[in-house]
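You will see two complexes here that share chain A, one where it goes with chain B and one where it goes with chain C.
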Partner chain A sequence: MVTSIIRRLIQALFVIVAMTIIVFIGVSVIGNPVDILINPDANQAERARVIAHYGLDQPLWKQYLLFLQGLLQGDFGNSFVYGRPALGLIMERLPATLELAITALGIAIVFGLPLGLYAGLYPNRVSSKLIMSGSILGFSLPTFWVGLMLIMVFSVELGWLPTNGRGPTAELLGAQWSFLTGEGLRHLLLPAFNLALFKTSLIMRLTRAGVQEVLPQDYVKFARAKGLRERRVIAVHVLKNLMIPVVTIIGLEFGSLIAFSVVTESIFAWPGMGKLIIDSINLLDRPVIVAYLMMMVLLFVVLNFIIDICYTILDPRIRLDAKA
Partner chain B sequence: MAEPNAQDGGVPDAGPGRLAKGISDFFRSPAAAIGFVTLIVICCLALFAPWISPQNPYDLMQLDIMDGRLPPGSESMTGLVYHLGTDSQGRDILSGILYGLRTSLIVGVLSAFAAAIIGTTAGLFAAYMGKRTETVIMRLVDLQLSFPTILMALMMLAILGKGVTNVVIALIIAEWATYARTVRGTALVEREKEYIEAARMLRLPGWRILFKHLLPNCLAPVIVIATMQVARAIGLEATLSFLGLGASVTEPSLGMLISTGYQYLLTGLYWISFFPGIALLVTIVAINLVGDRLRDVLNPRNMS
Partner chain C sequence: MTALLKVENLVTEFGGSSAKPGLRAVNDVSFSVERGKVLGLVGESGSGKSVTGFSIMRLLEKPGRIAGGRVIFDGADIANCSEEEMRRLRGKRIAMVFQDPTMTLNPVLTIGTQMVEAVRAHENVTKDVARQRSRDALARVGIPSPEERLSAYPHQFSGGMRQRVAIAIALLHKPDLIIADEPTTALDVTIQSQIISEFQKLTEESNTAVIWITHDLAIVSRLADDIAVMYAGRLVETGPVTKVLTDPHHPYTAGLIASVPSQNRRGEPLRQIRGMTPAINRLPQGCSFRTRCDRVTDGCLVMPPLLLEEDRSFRCIHPVLKETA
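And then the complex of A and B:
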């Protein structure tokens, strides 16, 4: 167990180092770092100062080390647009994105899991077939377009829900959250549903496939032959064995939800990291771009690491494999 | 699966017979048949767009700003009927959709095809060479697949800058790994089979075994992934264009059209965003239906 965790940690570090090299090459070799790091409006003295500060007159390997050093200190430079540290800007926006992604994940699980379970247990019912066709639609519908349609129906036509922003927020644990106020909750609803749509379909299909794989197994037949109540068979024997793939996907998809929130945040003007990165790409605010990319790399590595650990805890077979 | 062809005494069909069986298998599903026909129609519409669309939406000379934001069914001063309305530039939405479909299909097919070639080659090499080559390629694949496509694409666009060409490059870089992983998996199984051993015994050159023997037997999953990937690429291109990172305003793709309609949506001008979205949706669903069926038909477990 401990050795496998250490091995995973080394792999995770390897990924982080690899990604820093890629991002570094991306911004420093493919792009022109002078343009990237220096505000075009800066004067000659300012240019010289920044070039010296970031060591752009140094050889490449030294620049990379400086980049790494900045990274470790959380110093990505100041945003050109806001004139404040890039990392601070992102951290400020993080709660909004997290709130959106967690709510969306919750919605996806609450709808996806039971519907998938139902479709898997009764595959021949018309309702199951409808559910599965619905999931194909959920896969195919472009998220951003669904967002627009949600706005059109629920905000413009019916006038039930607000179209943009977070609404009033309340403070908890040093961050601002929308879900703590009624009005904020109303603001959260549409974007969260929009973001959840694709994942709901995914979890639904995955659960259904899992159920159909588990049902013909001997232990399920045996549990039924033993005369256990159907509810217990499903809750204990089927659901428990479903959990491994579902937990993996939920973990992985949480990361992808944060990545995809870029789209939803842009539509609903949700002031999270995703909106920030799109604005930054459009305005060529490179320090923020680099900081965002590195944050995402870190997030995904940590998520993958946690999933791996959960895996080991959930599935004794993997634990035994690692020992052998 | 039982061999259904009893007359041959259980001998598997030769190439053409199997193809015919595959095709008839494919069309046995009504959904797939509908998807296929729809796809053909869409391709024709895109291909012949310059001849069938009422207006060239990329030619600013033909646009009349006075005709901006007209609802569906309106008529212009020159008697041209805007069946699906116009956008803020006075661009006929129907023409915009037809031309936008071209961009979408070209981007989708091009990126899926290029990613398929790169990924398949990488996967084959990894499986055939083994050792160092395999480790390096598969590590790269794992690295890539641990990040979602949209993040990889954003990363590439952040580095390369905006534009349709860069979107294609970003999509290729973001998608090749899927092929590599699948092809390697298939090739690892195929490599152990007797015909490869026979080819090795004949001392055929490595490249020949790789491309003439191993590759054809690994193609079925590639075709399935490529079909699905075209749909995904079209969706992603539209998304990126919607975010303002893809097509330019003067030559809008479907995503761009939807994006320009976004600001008018709140005032009730629904058609600028609505119809291009429907076109996008129909295209993606059609491709997915075809891909879904292809997966069933081409699945080796279902093949004789």
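And then the complex of A and C:
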């Protein structure tokens, strides 16, 4: 177990290093930040001074080494736009995105898992067919359109929920959270539902497919042949096998919820990382883009690691093979 | 003495409804098993043996359903009792062992969990007591260091060991009847032999009746008191093993016996029944065995009835009769 953890850590390190190169070169290739940084009216001497200040006169490899050096100290450089450390900017926005993503994932699990289970257990019922048709809608309707519809119906027409922003926040663990205040929670609801729609459909379909794969297995029949109550057969024998693929997908999807909350954040003017990164790309704010991308790489590496661990907990076959 | 289990005119269909018939996997099957006796249910693969077993357990996969007949267990018709009544019988009074031991146990639960839950499904005892019982049950089927094995997962066992665990689970509540669906088919010959002996010993001790499903006549001759031969969903011959195997009346039974290797002289080619088992949805008119039978006549175009002769029966109008001098 320990050796396999160490091996995975080393692999993760390689992934991160490879990604620094890719991210750095990628960002250097797209556009020249000099055009944005420097007032078009500036004279030649001033141009040269600014370029030197940001280290943009150095050869690319040297820029990369400087970047790595900063990285090791948690320093991604200052934002060209805000003039403040890029990492700090991102960390400020992280709680907003995090609570949006976690709430959306929670909604997706709370609805997706039971509905998928139901549709898998009773595939011939009309209600199951309705659920499955609904999931197709959830898959195919574009997020931005659904977001606009949600605003139209629940904010404009019914006036139940606010249209944008985070509302009032409260502090916990040194960060500001909306879900801690009633009004903030009301602000959170619509964007979270919007973001959750696709994932709910995904978890639902995955759960249903899993149930239909597990149900005809001999071990389920044998569990029934032992005289177990149907509740135990489903809740223990079926569900435990089902959780292996579902947990994997939930873990990976959590990463994508954070990384791709851009659309929802834009529609609901949710001040999270997604909105920051869009603005930064428009302005070619290189340090912020790089810092954001590196955060995402780190996020996915950590998530994969957690999934692996969950996997070994859920599936004894993997656990013991690793020990051997 | 009344039989423990009496299956009467059982019909099991896949699909269909009360209005239109579905695919008949089991068609008009009747047999009975007495306490402590072993019935060998034989037939080629696809003849409906497993479906018969699952019909008795009421564990048919959808869209399978019992479309007719009765299953009288200890005097009560269990083909029509409530699901909860049926659950109380399963594992407690009627147990089942499956063909493939690598698929029978849940891969993500320990053996202990799977045994303890089986004990507690029928008896209101503490986990510790249930665990104790499970350990003893493992010891009885010859599993070494049972205490440790309770914490192990199925994949840490060999196929033979897993089947022993399944048998231990089936015997937990000393059932009146065990349905063993080809429990040794997937195992090596030596393991097969050990398991059959132990199974025989344990069921004799507890006076448990057994329906042993197999396509292996050698096992039936060693183990069973009675035999029921199925072909394409129907019974074609039944009777005491000693009589049927030495003096088969149905041409299909005779063909099966002739194709057992030990029945042949060295150098002689194995006598196989010609042709293939027809698919259940494309059975010939009349006797289902007609397309493969050497004794076929025009009279076979009508389904022959099950003819009774003392304690045996057969479904053929031109039965094979031993030439008596």
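The definition used in the following text is that the second predicted complex is superposed on the first by the 287 of 324 C-alpha atoms of A that agree within 3 Å, B and C clash if a C-alpha of one lies under 4 Å from a C-alpha of the other, contacts with A are read in each partner's own complex, and residues count from 1 in each chain.
The rule is short, and it goes like this: a residue touches a chain if its C-beta (ideal position, glycine included) is under 8 Å from a C-beta of that chain, and two chains touch if they have at least 3 such contacts.
Just so it is clear, the structure is predicted and the values come from calculations on it, not from any experiment.
S.K.: Since both structures carry chain A, what do chain B and chain C do when superposed there: clash or fit?
M.R.: Here chain B and chain C can both sit on chain A without a clash.
S.K.: Name the contact category of A:166: first (chain B only), second (chain C only), both, or neither.
M.R.: It touches nothing on chain B or chain C.
S.K.: Output check: A:222 vs chain B and chain C. Expected answer is one of first, second, both, neither. What do you get?
M.R.: The second partner, chain C, only.
S.K.: Applying the document's definition of touch, where does A:259 land relative to chain B and chain C: first, second, both, or neither?
M.R.: A:259 sits against chain B, while chain C stays out of touch.
S.K.: For the overlaid structures, how many degrees, to the nearest 10, lie between chain B and chain C at the C-alpha centre of chain A?
M.R.: So the C-alpha centres give an angle of 80 degrees.
S.K.: Quick one: chain B or chain C, who's touching more of chain A?
M.R.: B
S.K.: Is A:237 in contact with chain B, with chain C, with both, or with neither (first, second, both, neither)?
M.R.: Once the two structures are laid over each other on A, A:237 reaches chain C alone.
S.K.: With both complexes placed on chain A, how many Å separate the closest C-alpha atoms of chain B and chain C?
M.R.: Chain B and chain C, overlaid via chain A, are at closest 11 Å apart by C-alpha.
S.K.: Show me the chain A residues, by the header's touch rule, that chain B contacts in one structure and chain C contacts in the other.
M.R.: none
S.K.: Within the complex, which stretch of chain A touches chain B?
M.R.: 15, 18-19, 23, 26-27, 30-31, 136-137, 139-145, 148-149, 151-152, 155-156, 163, 255-256, 259-260, 262-263, 266-267, 277-278, 281-282, 289, 293, 296-297, 300-301, 304
S.K.: Which chain A residues qualify as touching chain C in the complex?
M.R.: For this pair, the touching residues of chain A are 216-219, 221-230, 232, 236-237, 240-241, 244, 314-317, 320.
S.K.: What residues on chain B touch chain A, complex-wise?
M.R.: Contacts found on chain B: 143, 146-148, 150-151, 154-155, 157-160, 162, 231, 235, 238-239, 242-245, 255, 258, 261-262, 265-266, 268, 270, 273-274, 277, 280-281, 284-285, 288-289, 292.
S.K.: For a test of understanding, state which residues of chain C touch chain A in their complex under the given definition.
M.R.: 54, 57, 59, 61, 87-92, 95-96, 98, 100, 103-110, 114, 117-118, 121-122, 153, 155-156, 166, 169
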